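As written, the chain order gives the labels A, B and C, with residue 1 at the start of each chain.
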Amino acid sequence: MKLSLLNELRAQNPIVLNVSNFVTVQDVANGINAIGASPIMSEEIAKTEAMVKMSGAVALNLGAFTQDQVAHVRKMGQLANQYGKPVILDPVAVGAVAYRLGVAQSLLRDFQVSVIRGNAGEIAALAGIQWAAKGIDAGEGQGDLKAIARSAALKHNCVVILSGPTDFITDGTTVVTVKNGTPLFQLHVGSGDMLSSIVGAFAAVTDDAFEAAQTACLVFGTTGQLVAEAIGAELPGTFTVKLMDQLHLVTTQEIEAVADYE
Amino acid sequence: MKLSLLNELRAQNPIVLNVSNFVTVQDVANGINAIGASPIMSEEIAKTEAMVKMSGAVALNLGAFTQDQVAHVRKMGQLANQYGKPVILDPVAVGAVAYRLGVAQSLLRDFQVSVIRGNAGEIAALAGIQWAAKGIDAGEGQGDLKAIARSAALKHNCVVILSGPTDFITDGTTVVTVKNGTPLFQLHVGSGDMLSSIVGAFAAVTDDAFEAAQTACLVFGTTGQLVAEAIGAELPGTFTVKLMDQLHLVTTQEIEAVADYE
Amino acid sequence: MKLSLLNELRAQNPIVLNVSNFVTVQDVANGINAIGASPIMSEEIAKTEAMVKMSGAVALNLGAFTQDQVAHVRKMGQLANQYGKPVILDPVAVGAVAYRLGVAQSLLRDFQVSVIRGNAGEIAALAGIQWAAKGIDAGEGQGDLKAIARSAALKHNCVVILSGPTDFITDGTTVVTVKNGTPLFQLHVGSGDMLSSIVGAFAAVTDDAFEAAQTACLVFGTTGQLVAEAIGAELPGTFTVKLMDQLHLVTTQEIEAVADYE
């Protein structure tokens, strides 16, 4: 865990290039901005190369799922590999829809990702482990979440974030758990998408993707928790607004004061 | 009116599958979440069948209006009929643009809907009644709104919600009116879209589409009214945030205390 | 500067027809609504003509940049010329990506715009002046911003708004500067898009595009400034919400009290 990366990020203001989920694109762009990075949201395959070259990291969200968008994701992943930019993949709903899983697997064969960020159902599916999922939610199947995360990391040779009430972050060997968070994240469509792109912002300022992933989870989880505690009630609209405020203002000291990880 | 459906909905957490308006997609997803259902926002025609099968209701918003999207709406409506899922149709702007009316009519020939939810101009157009409309607004033409709603319901053999300062909900015979609401709904782009998808959430937990439509209108109208009264000023930004909060928290008791319908 | 246009706008409630940036479309629609105009957000090239005819102004945002969308923008610009509707162009990121600049230049050859609204990097690119830009931000190059704005206006025979901490508005001869604003505009993705469409709302109620552009900048800049001063901290989420509130409520008296332009 290297919390000083947050200050690095704010000092460097790296560009995070996103192929984004059409449902959550504005929130994700605002979240990247709030934390201190600079978002570009791409929806056009032409001239992708120029944008990849100027970016610090590439965040690919499979909520964007038309055939054109999948082609766009593939090209951007391959260009990111070519130019040595870290790639974050958010495999939206691959645990719920078999067709989505097939597309995600084919993308993972066509380029190498640095970090996969998904919920339990999504990560289990990418690990090839049976898991009951419903819609975009995490599903309710049983299983050793640490083992699932590790298995997915080894299979795809990357860092994996299995996020939920507790986040499990692993490089396939070590597993770091971050327990900070709030149930309000589940009530806000796009919390996971936002975390994935924020992982990109951290990955843009260090060569260590494992450290970037851990720190992003800790910063996002503690910030959400601090906001939820300040609100004191289950207010999903207010939470979203104040999460954006706090992502911009939160300090490493405030995070350290509540950090709960091992 | 069966207000207990709200508790049913929250207990069952049904999936509402949406083809959504690109303008309002995130708010609608958050609104479905806030009320206690689970949103899936679809933009891809491939593998629609798997998603229809896992859903409790299908909400089709004609704000999505490219040729690809219309094909998507058609397929999803037909699959919903095949699998017995209730279909909610929101005929955006059919009162303002003749071309849109033609598309909506052709869709209504190709599959059977359970509920149509529109403003006076849109419902009048679907009833074949002359009505002056401007843009996305309800228009200012004269006419007996009850008769217009009833006529559209009989013509399309479904429940119709003609929403506005007063909502008229009818199965073609009985007309229920819900007078709760607030002018702030007009200032927030997507209030109508959100209501349509929330009708879907209610339709997913009862076989009685008429009851689902009435209850959704009452819950949405009273919640907006309670929020507007609490704010006490015409603040469209704050209203949107607190509407999301209140959709999550509002109780049947709070609704009953202000409910104004007959 | 003709601040009474704000009251005109609210009295007339003109339709602003937008080809919008997919990232910010809902905020822009809500902003148009809040200020007192009526938004239509178009994404379909078919039947564009009917929509152009019913609109008071057309706002074209080049954040919409797939090949289909560029064709849509071109057709809408040409139709707006044919029907005498003012056209506002927002040349998103033309300062950062050469390919985007080429597309914008070709559009500017194919139809005549009334107002171009961009940041320093974007306006410099359209003026053919070298300028360093990064991503969607304004860039940090040096240069006489007044001269850049004037040069772009003369080159494209239109009013130009070069917006930033200070806005420069020019018809190629006179340059008006508006110094009102707040750094919080930079933290909210879509502030510029919103301003561009609000320029459209003002252009719809006067034949003088230069006056419309100035007034829109003053109204938007002072409103943001008043909100930021009321908040008193750098809260990007809260700012967005209260900006929408204040766009709806702000009076010409409140604007005059803080107006800083020459």
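Just so it is clear, contacts are C-beta pairs under 8 Å (C-beta built on N, C-alpha and C of every residue); 3 or more make two chains touch, one makes a residue touch a chain.
According to UniProt, the chain labels map to these proteins: A, B, C = Hydroxyethylthiazole kinase.
A quick note: this is a predicted structure, and the numbers were derived from the prediction, not measured.
Where touching is counted per the definition, the chains common to chain B and chain C are A. Where chain A touches chain B, under half of the residue numbers in use are shared by the two copies, so each contributes mostly different positions.
We define each chain's centre as the mean of its Cα atoms; on that basis chain A and chain B are separated by 33 Å. Residue numbers of chain C whose C-beta contacts span two or more other chains: 22, 25-26, 240-241. Looking at the complex, you find that chain A touches chain B at residues 22-27, 65-67, 93, 96-100, 134-137, 187-190, 233-238, 240-241. Against chain C, the residues of chain A that register as touching in their complex are 15, 20, 22, 25-26, 29-30, 33-34, 38-41, 43-44, 46-47, 50-51, 54, 240-245, 248-249.
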